[in-house]
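Presented sequentially are two complexes of chain A, the first with chain B as partner and the second with chain C.
Entry: the complex of A and B
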């Protein structure tokens, strides 16, 4: 057997040098206390109507900066559905307590040069579909620039201050102490809007199914969108195909059981399958206490 | 038109605290030391024969009751899946396992336990579940409202805090002291059954990934029926309904091949439900 030390370095090892340094902040995010019991409910959602609406809107305004994609319709559908299921728009704090955010801010995972990062669409439920699309395009292009700058700055810090990396594990604890014991820290924490619900679309990379720890214990849910599939069906004795979008809702079992999560997913499905009615129109403020579409 | 303003909703909010207090036991059970290494196994059962059988019975059965009968039948060949294991050295393998059927009650699922002692026959058990479905009291869920400005009084806060601390300490001591742990262990079966069955098909769920907490060793989840298109005998494409089942089992205790055999047994009973009657 070849001794371990004699195994040649993998191809491109020089390019991977410093990779763990870059990932250190993420690695520490996976600490034991951040784990949570996650479950997932999933269903296939028909995209025919969403596809028609997307094409119509893009014909009206062909500007690439305001082009509507499935992602934008999904974001809008999720934001609308969260209005009626606000417990999923919350965060978990220490001592089994939950804080429900006063705004629905949808965080999107964006892949930039192999490093996943997030953009946040604030108050997505109050924006029109076109506004969501415009804001999303602007944020993604901005993030591409700023992230590159941030990563190169982080590289410089790692090279000049090796101790910085060794102390990375302490950052979450320092944040926690600041939040708990400093009034200013607490106010900043409450005012920060890091995205109250996560939407990720590995389907754009061709992923057909994925069960993973997609969000950390401070969020209560994550919508996971997979690659669009063609599902066979028999209609009037003839073989046909329909486009479906496998959509999964990962949720924290501590906050609710599967039926409550399934109800949120059903409402997202209702929004996506009739987007002209729920997503494209003007933004209505919901009546407080109205029963329409409630949990 | 009223604006959509919600306050920060925390434990001091009466309606939310009421809901969370109800889940205290669940939260305690879901702490990391109580997790079991739960693996998920999926199989589908053809529904043609099952649909004919359950509708032609004198007392027609629903899907949940039919699957419960198949599950009870499969448990006769392997009782390990209905045992309770507390993660240390306690493994309780019952002769007549009770089946807990999940019932949606708004924010949380309630478990209807059907005693294995009284209903040892799968079909009796299925009839009992079917009959009891209408008798289950509807628990009014705590309404999700856009936040309440009302705050609990200091006295109510202290009372709730004292109750929660007492429960938490009780759990810790129960876990440390073997006799108390045993006493608690003995009540699990009567509260939630030896094995649980949940039907998410009523909510249209088509795929599921679950977890497992101790002391349960396995759970069965039923998903929404699916249509499989395949070439028929005459060359034309035909669509046939199938019922997806997911078995979540404790991987540390049960090898995967044994879990496959067990789930195939459930599928076998659903494929040819007459075997449940032949048993009589």
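Entry: the complex of A and C
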């Protein structure tokens, strides 16, 4: 048996060649019919209160494992807002219908080991801000370990078996068919909790503006957070500048129109501009069967 | 149906499928200083914008066309616009200049309805009252183009004094128009809004 080649610790040319092969797997997985028309509405959100809250909470608990960042406040604000706009917490199915998820699971795109991957914060609307922060830190560090392990295993296979590269395009289809045929796979698929709404923050990389492209079968909406900017405003008749967070909401144009998206974005803005009231407090659990009901 | 038949059928179906009716769309945005055209109620502002578009649509009739089937265009006899105030809750078509009271009456005639099926005519979407400061839109057939009015923002003018600017976005089909032509149309529209007096 041929011994496995040792993977070079740094990313060299040979390793990059392997990466392109792996990229092909995803490229073949995306087809034209998966695209759907999406529009985007954008707002500038003021961050003064969120900044004060973040600093206060970090002073109370300086543990790096539970440090609160803007991302966590944004996640919490989005989860709170989605409780009142359940249409955006859904996905389109193969039968041309929309499936509204019963849980609000916020997916975050994070940069781990130079590769974009996702972590999912389940039931983010039922967690406190501190819990969101702790869970997020834990998930990122776990993903870093597991991803490194998985990628090194894939690298081994790609380097030792050239035929594997040639057949890589077939994996998504084979996986789909096997999943349909396997009872266990179907149960696992139903039980798995993919993020029901995506929050991505290219602003951490300095991106000032971009447009997200949504694909079939994933999510109905995506919140993009861009780099913080200085915007002009009038204070006492004089021109001043304030720090704002440009935020865009991409949504499926077939499911809703601009006002519904604007209302969701307005609610996210309300949550973010008054985080002490909406995000920092204890989570109120509506009693089942009570007259008031849930959100 | 056995495993192999199912795989073959699936792959054939996937290969046969055509892209959805998405239009390869691009957008250009222009800042338009507030002035006489933006004074008064939101509906007045929208009526002036519609009238200015109707005045200038004759030179770019492709913007007022609509797809009729696969890659076939149908042009309107007279320049026409579809207006959607409040973010496009209601859509109404007209091809003659209107005063804002007439426009308001027309739009409130059936407030709960979704409007007619949109065919030929340039879409004008008003997002200025929803405080939306930017927009990136995708077009779906039969749409060919769309104009979006965005919320105002304060910016320093050439003299250094604060000035209010509205955002104006044109989404257009890249197969029918290039960015240069789109920008030229926006320039003409902006100039006529700032210079002409619309009812």
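Convention: the second predicted complex is superposed on the first by the 232 of 295 C-alpha atoms of A that agree within 3 Å, B and C clash if a C-alpha of one lies under 4 Å from a C-alpha of the other, contacts with A are read in each partner's own complex, and residues count from 1 in each chain.
Assume a residue touches a chain if its C-beta (ideal position, glycine included) is under 8 Å from a C-beta of that chain, and two chains touch if they have at least 3 such contacts.
Here the structure is a predicted model, which is why all the values come from computation and not from measurement.
After superposition onto chain A, partners chain B and chain C are found to clash with each other. Applying the stated contact rule after C-alpha superposition, one finds that A:208 touches neither chain B nor chain C. Contacts of A:48 after superposition on the shared chain: neither chain B nor chain C is touched. When the two complexes are overlaid on their common chain A, residue A:87 makes contact with chain B while staying clear of chain C.
In the superposed model, A:146 lies in contact with neither chain B nor chain C.
Of the two partner chains, neither chain B nor chain C is touched by A:159. After overlaying the two complexes on the shared chain, residue contacts for A:39 are found with chain B and with chain C alike. Within the superposed three-chain arrangement, the count of touched residues of chain A is higher for B, of the candidates chain B and chain C. Looking at chain A, you'll find residues 32, 35, 37-44, 209, 211, 232-234, 239, 246, 248, 253-254, 257-259, 262, 265-266 touch chain B in one structure and chain C in the other.
The touching residues of chain A, counted against chain C in their complex, run 31-33, 35-44, 173, 176-177, 181, 209, 211, 231-234, 238-239, 246, 248, 250, 253-254, 257-259, 262, 265-266.
Those residues of chain A whose C-beta lies close enough to touch chain B in the complex are 32, 35, 37-44, 83-87, 90, 96-102, 125-126, 190, 209, 211, 232-234, 237, 239, 246, 248, 253-254, 256-260, 262-263, 265-266, 269, 285-289, 294-295.
Every residue of chain C that touches chain A in the complex is listed here, in rising order: 3, 6-7, 10-11, 14, 17-20, 22, 86-89, 125, 127, 130-140, 153-156, 160-162. By the touch criterion given at the top, residues 1-11, 16, 20, 23-24, 26-27, 30, 32, 35, 104, 106-109, 141, 143-147, 198, 200, 203-211, 213, 224, 227, 229, 236-239 of chain B touch chain A in their complex.
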